[in-house]
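Chain naming follows the written order as A, B, C, D and E, and within any one chain the residues start at number 1.
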Amino acid sequence: MIWEAISLMVLLALLAYATGRLSRYSGIFAVLAGFVPLAMLFDWAPTAGLKHLISLGFEKSTAVNIKIATLHFSITPLSWLFLTMVGGIFPFIALYAISYFKKAPGGFFGSMTLALVGATGVVLASDLLTFFIFWEVMSWSAFLLVVRGRDRSAITSYFSFSALSAYLILFGIMVLRSEAETLSFSSLSSSITSSRLTLLAFISMAAGFGVKGALMPLHIWAPRAYSRSEEPFVAYLAGGLSKLGYYGIFLLFYSFVGVSVITRFGTFRGVPYLGYSLAIFGALSAFIGTVLAFMEDDLRKLLAYSSIGQLGYIAIGIGIGTPLALSGALFQAVNHTFFKAVLFLAAGSVYYRTGRWKISELGGVAYRMPFTFLAALFSIFALAAIPITSGFAAKWLLYVSTVDKRFVFLTPIMLIAGVGAFLYSFRILYGVFLGEPRYPDIKEAPALQLIPMWILVMPLVIFLIFPGKLMDVFGEIFAYYGLEGVSHTDFAITTSLSSYNTLAVIFALMGGLMVAFIIYVSRPHRVVSHYDNYLSGEIPEVHEGLSLHAATRYYKPVEDLFQPYFAHGAERFYHHIEVGLEGVGDGLRRLFKTTVSNMIYLVLAGLLLIGWWLTW
Amino acid sequence: MVDFSSILALLVEGVLLAALGVLTGILFMGIARKVVARVHNRVGPPVYQSYIDIIKLLTKKTNISHGWIFDLALLFSISGILLTLLFLPIGGIKLLSIHGDLFLVLYLLAIPALGFALGAGASGNPNAGIGVMRALVMMFSYELPFIIAVLAVMIYYDTTSIATIVASQSHMRWAILVPPLLIGALVADMALQGMLMEKPFDIPIAPHEIASGPMVEFGGKYLGTLMLYKATSIVVETTLFVDLFLGGAVVLDPATYGAVAYAVNLVVWFLLILAVFIISVLINTVFPRFRIEQALKFYWSYDTALAILALMWIYFLYI
Amino acid sequence: MVVHPTLLIVLPLVGAFSVSLIRRYGGGAIKLYGSAYLFLNLIISAVLFMEVRSGGEVTERIAGYSPPVGIFLAVGAVNAVLVLLINLFAAFNYLTFNPKDKEPFHRFTVLYLLGVASSSGIVLTGDLFNMFVFFEIAAVSSYALVASSKDERSVGSAIKYMILGSVGSTFMLISIALIYSELRTLNLYDIAHRIGEMGGAVRTAAFTFLIVGIGVEAEIFPFNGWVPGVYGRSDGNISSFLVLGPSKAAIYAILRVLITLFYGSSSRAVMMDIAMVLGLITLVVGEVAALSEKDPKRMLAFSSIGQMGLILIAISLGSAAGIVAAVFLMVSHASVKSALFLSSDVYRQGGMRYTLTGALSVGAVLGLVGMPPFAGFWGKWYLLSGAADEGLWIVIAAVIFTTAVEAYYLARFLSRGLSMKKRGGVKPTRVITMTVMVGVSLLVGLFASVIYEMVSAGVTTLLSGGI
Amino acid sequence: MAEEIKEKWSKIARWASKRSLWMVHFCTGCGAIEMPPVMTSRFDMERFGMGSMATPRQADILLITGYLSIKTLKRVVRVYEQMQAPKYVVAFGSCTINGGMYWDSYNTIKDLSKYIPVDLYIAGCMPRPEAIIDAFNKLMEMIDRGEARGWEKYEKYYEKYKRNQEAAFNYKLEEVEEVEEERKGGEK
Amino acid sequence: MEITPFLILSAGLISIGLYGIMSKKNLLKLLISLDIMDVGVNLLIVTVGYLPGGTAPIMDGDYGKYVDPLPQALVLTAIVIGVSVLALGMILTIRHYRRTGSLEMDEGGVFGW
């Protein structure tokens, strides 16, 4: 049934591609394909009530023999959770894309559906070969979509990094395969030993997954690819596909290598060194991504850096690896899936109406597109972890887990990155949506774009009120991997350090809002134009070209301070590598750009060396 | 089942404390003006001047709005700050603080600020945009040392709950009596200066540069609400400081002394936050204003260095 | 035996020598005539492939003399795949030539058919000297084909190619003479079983000269000085022919030498090591040089060098996994690299801006890097697993490193091609050929079991000195 | 009953308004130099709850300290209109009353009350701080009595004021007409 | 008749040819060097097949000791191939000469690659 479902999705991908030239509604096939994982999710829903209601007959695990190899699929609580992320958002993004593209996007929908196929396969895979094959399918179908953006640096960086990632993972797979002599997840970790090779495999696989998860020194493809591809795809890439990197890292810790092996490489206050270093990389991502985000003028790049920052939190959580931290990481992953998808979609809608990406060229969009704005606002609340969305619970779990372990390095960095998130959030809010009404004539985004956005916002509300429901799912995951759960009710999470009750927050906020509302309605007010502003008596209406929008280089004072420290960033590092390799390559090329006589010298040298080696 | 009487008690307590917090805050604003006037060798306004100001603003005949997003400032600023107030233990009265912790309070503090910023942004005034930028950068600046100092407290008491921190400081074992935490308190006090936007860190509102920044378009009931917010935030921030470093103003144990203890504790709480606030006002009086990057440099260098010192001291020698 | 493998060699030769008869009917007729032979060849090789798949190896004696005296053709699993591959792509590649560009076209056809015949011959033959002869025919036709390119500077490159090739073939001949002097036989399998009788020094010399001689054709560093020049200045479709025909045949010849010919040799392990080191050097040199190369064709040429190194590494693993990997890599390289060479002709005219050409180029790049489900993936998978089984982590590290480098420059190639201005069309024949090539890579990857089962069944005999 | 409450409420409002007068200075002329002594320790305006504000949105008093040219008048009008009622205008010095030493200037406003309603003039060139304090005390009394209703007048005769302003902006000062005082409203 | 001198001779010829290829820049000289190498190798093959004291392998009646016929057949093929390669080389050289007016092979320029 799983295999048939995957085949069906591939078929739908081909259909979407084939009909792309006929109608813009060819995307409906992609939407249909998106419902396949939804059906699986529904069928496997861990809550008992849903499961017995109706059964679609997806088996819990299956093996497909494709003759050259046998592909194994199975569903675990973890893969269920990640399937909600990669599969749950897909149909809505596809729906959005139908309205986003004006002509013949067959290639887009085909590749998107293939990416979904890859992602679904990755989360359902239960052996390394299957995992890798679908990983690559996901990776290159995303590449096809990056190619559609036709930006040189995006294409090169995305492709070289994803190939690097693929082969780093492959290296790890090879090591594990030769050590455990099995590819199956369930029997891997029991037969791995803690050799130096395992360490190498672990590091290389973590790096490989880190590329997809845009972990800090491996992130440079992300801003380029995110900022130069089509928006619905970017929403899916950031919201869905980037989680797969962390899915891989999670599996690396708990399934591929196993905590018991990782712990043998040394621990720091109960946390393995390897996990701790991952957490440090995550913290660096969180901080540097955030700082780069608020210094960025391109809306998509800003969101890309923000993604890097937010994904860093997931790495921190997985790295620390206590149930508390893992809950935080998974919670953050779920949140990020939804809010980042909505943000990219909202950005796409803004672009759809205004045709601009630069924050300094936008402004005042909210007055004309209030529903888009509200969706974006809500996801920004989630992004900035304002406690009126589910975003806070994730960050809170992570903070508490670091304090619990007394990681005095991680906590401040995470918190300051959290504050930095306010900065870039406001840059988006002010630069794009508020401020001077520069686009007085645009219309609200089409309903087909708004509906998916609002559907994707819903989980952020639901998990605000019921974080416990999500924690139940985490509990199943922990039980599956033999970890302890985090004590919680539907509304409250309790740790040894403190507790967090959403109901208290919600009711207190209600009370506060009531007070505020009384004040608000007690006195009448009059709405005036945005140009009726105090500008020391200046009258903007009579001054042509007077800009009221203060969004160009918004954080200039900070930029000026930070710029010198970011001048030697990862970009430059990779540039140096490239230049160095090109230098070596130039030297090697000279061996070929020469006369025949010199070539013959080479041939003879080779001949003699071979002969010498053979006789010696 | 749900215990209605306790919820009712909580409700009454909450309303009373919120009112107390707001009124105290407004009083403090008056006191601040008086103190500044006395330092200037002026008579100054009466201490109740701020009540008059707020009444005046709330009774203004016309109120100008720039649309519904502008109104969010009103709605979120006051509600958010009241919400935060309820999550702080005041003079040993725990209220909702058992349902949240320090991180929650830090993030709850962002609700009114972000609501206010939204309104300011929606006014379309460039000064407001610049002002919000400065406010956010200020936040980015002072939060780093503040967080590190607070982290020292948290790991010293091994909890993140403010209620537990207050409880651990009972019987006058105030955090400030622990040498490294004294440094922490110093750091936090400097951060408090930025939080309260007192000079030299009143960069965001800088009336003479950017026409009071974010508030440039606010008048009437909007400005009145913002003043209420400002007043309450003084109480919230000083109370946070008192809770963390000065034992939450708990001098008598309610378990032994009953209602008297609550009254005494509230008085002590009032005096302590007043003291903390007066210190900040006095600093305010004698300083000119930093530029924003100077503030960032100051907080991220000297203040953070001190904070790290405190944290390391705690980390290596006390736990 | 339904078909005679000999036909694969004889038919194109007949075609080649009879094509001048119809030269007055014009280029179109000649193209039709040539294609007829090539497609007939394709059908025969397909039938042969099916036959080998169902019934194991096929051998045929030439002129009735039985081996080891007579020449015989031996078709095992590996060369059945390869001969099908060569004939398939060669037939489609022929379609891309425009008779007007290659005046007089009948002479060109002669060269092309000779090239196909001799490439098939190298792969099929079971006789060392016969192999040498086919090598020479392939080489001569390659020199001439290269010199027939539009770019006039290709003549200079062809001369270089010719001189290096001649030196290489001289070395091969020396090696043949040495082997013959000791063993008095030229049959590959006969030699394989009696190689132990050879004196150590002579055997060393024979191996060295042979590997160098074939290495020149098989683009092994440091014997491959001609590669960038020739590929860089030839027409794309001629380069693609060189990639899919002679160079594949040559690397297969190396497989024969390493796996079969020196099967019984006592120093075979060292020989394998040497081959592996050569392969590693070739791989790294090719890929790194390609990184700094800006000219698209020459970049692809360097990339070819790297790929050849990869295949050589796979062969030199000497295990079943290695052979399987080598076959998949050969399929992959012959298909997608040829497709890329075809697209390189229209590169500067913005040909990749055309949806199908662009998509095919992207597919080819994906296949070359080894993304599943392209054939290259299985190649790299088996290569890496074979290397991992033997604990050759340095090989794996090199493969990872070069793959990243490869991905980088190929993506650069793609992104530039995709952002060029449209200045001319792409001929439908070229698109069809590219489709076939990329499609084959994809299909082989998707239905890898077909080749995998066949090769892994045949590999046991191959590794034990059989066909 | 409702009337009474309303009356009580407006009395409270007037009291609060009187005790908390925030000003926005329009410091065009030399009069501005008289403000610092009023604000600082010698006279200490703040003891009456007065203070200066940075924007008209927050202010109750528009303090015009000196002559107004036509160019600055535009700004004054805009600032005045941006203030929130109840709002008061205090004109400062002779220039605002009759043009003062610029009585014969071609582009200086002679009588401010023709363009915006002035609640209180402070005569003098320049008025001393004592005079200013006195004036503010007068204004407070007026507010308390409900007499300072310039903003209502402005609403009532809005078109006339606009016409006058337009005329001034077009440099047709002679066309400016008188705006009738309406005392009745103030007395009720 | 000993075969060693012939082996030495053929090695010498091959070395001379290689030396010519490695040191000369003139295309004609290069071709000549190639041919010399070819001759050396052909000699080697014939030498290899030679049996001291053997006769030509013409099998009519009472043949006794005869040399291996196969190498001679091979040499014939090799000579043919050598000649054809040489002819092709000449053609390419002529074309090159017509285009550039030079027979020199030097670095850079057309011979850069």
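Keep in mind that, in the parts below, a contact is a pair of C-beta atoms (placed from the backbone, for glycine too) under 8 Å apart; a residue touches a chain by one contact, two chains touch by 3 or more.
Given the structure is predicted, the values throughout are model-derived calculations rather than measurements.
A.B. asks: Computing the C-alpha centre of each chain, which chain sits at the greatest distance from chain E?
C.D. replies: D
A.B. asks: Report the chain ID whose CA centroid sits closest to the centroid of the full protein CA set.
C.D. replies: Smallest centre-to-centre distance to the global C-alpha mean: chain A.
A.B. asks: What chain pair has the highest count of contacting C-beta pairs?
C.D. replies: A-B
A.B. asks: With chain centres taken as the means of their Cα atoms, state the distance from chain A to chain C in Å.
C.D. replies: 42
A.B. asks: With centres defined as the mean C-alpha position, give me the chain C-chain D separation in Å.
C.D. replies: 95
A.B. asks: Centroid from C-alpha atoms only, then distance chain A to chain E, rounded to Å. What do you get?
C.D. replies: The computed centroid separation for chain A versus chain E comes out at 66 Å.
A.B. asks: Distance between chain B and chain C based on Cα centroids, please, to the nearest Å.
C.D. replies: Taking the mean C-alpha position of each chain, the two centres sit 76 Å apart.
A.B. asks: Can you pull out the residues of chain B that are in contact with at least two other chains?
C.D. replies: In chain B, residues 59-60, 62-64, 211, 216-217, 220 touch at least two other chains, as defined above.
A.B. asks: Among all residues of chain D, which ones touch two or more of the remaining chains?
C.D. replies: Expected reply: 55, 57, 82.
A.B. asks: Which residues belonging to chain C are in contact with no fewer than two other chains?
C.D. replies: 159-160, 163, 167, 228-229
A.B. asks: Once the touch criterion is applied, which pairs of chains come out as touching?
C.D. replies: Final set of chain pairs in contact is A-B, A-C, A-D, A-E, B-D, C-E.
A.B. asks: State the interface residues of chain A toward chain B in the complex, per the touch definition above.
C.D. replies: Those in contact with chain B are residues 364, 366-367, 370, 373, 377, 381, 384-388, 392, 395-396, 399-400, 403, 406, 408, 411-412, 415-416, 418-420, 422-423, 425-426, 429-430, 433-437, 492, 497-501, 503-505, 508-509, 511-517, 519-520, 522-528, 530-536, 547-551, 554-555, 557-558, 560-561.
A.B. asks: In the complex of these two chains, what residues of chain C are touching chain A?
C.D. replies: Touching chain A: residues 159-160, 163-164, 167-168, 171, 200-201, 204-205, 207-209, 211-212, 215-216, 222-229, 267, 270-271, 273-274, 278, 285, 288-293, 302, 355, 358-359, 362, 365-366, 369, 371-373, 377-378, 380-381, 384-385, 387-389, 391, 393, 396-397, 399-400, 403-408, 410-412, 414-416, 418-419, 448-449, 452-453 of chain C.
A.B. asks: Which residues, counting only chain C, touch chain E once they are in their complex?
C.D. replies: Residue list for chain C touching chain E: 129, 133, 136, 139-140, 143-144, 147, 152-153, 155-160, 162-163, 166-167, 169-170, 173-174, 176-178, 180-181, 184, 186, 228-229, 232-233, 298.
A.B. asks: So in the complex, which bits of chain A are touching chain C?
C.D. replies: Contacts found on chain A: 66-68, 107, 129, 132-133, 136-137, 139-140, 143-144, 147, 150-160, 162-164, 166-168, 170-171, 174-175, 177-178, 197, 200, 204, 578, 581-586, 588-589, 591-594, 596, 598-600, 602-603, 605-607, 610-611, 613-615.
A.B. asks: Under the definition above, what is the set of chain B residues touching chain A in their complex?
C.D. replies: 14-15, 18, 58-60, 62-69, 71, 74-83, 86-87, 96, 98-104, 106-108, 110-111, 113-114, 117-118, 121-127, 129-130, 132-133, 136-137, 139-140, 143-144, 147-148, 151, 154-155, 158-161, 164, 211, 216-217, 220-222, 224-225, 228, 291-293, 296-297, 311, 315, 319
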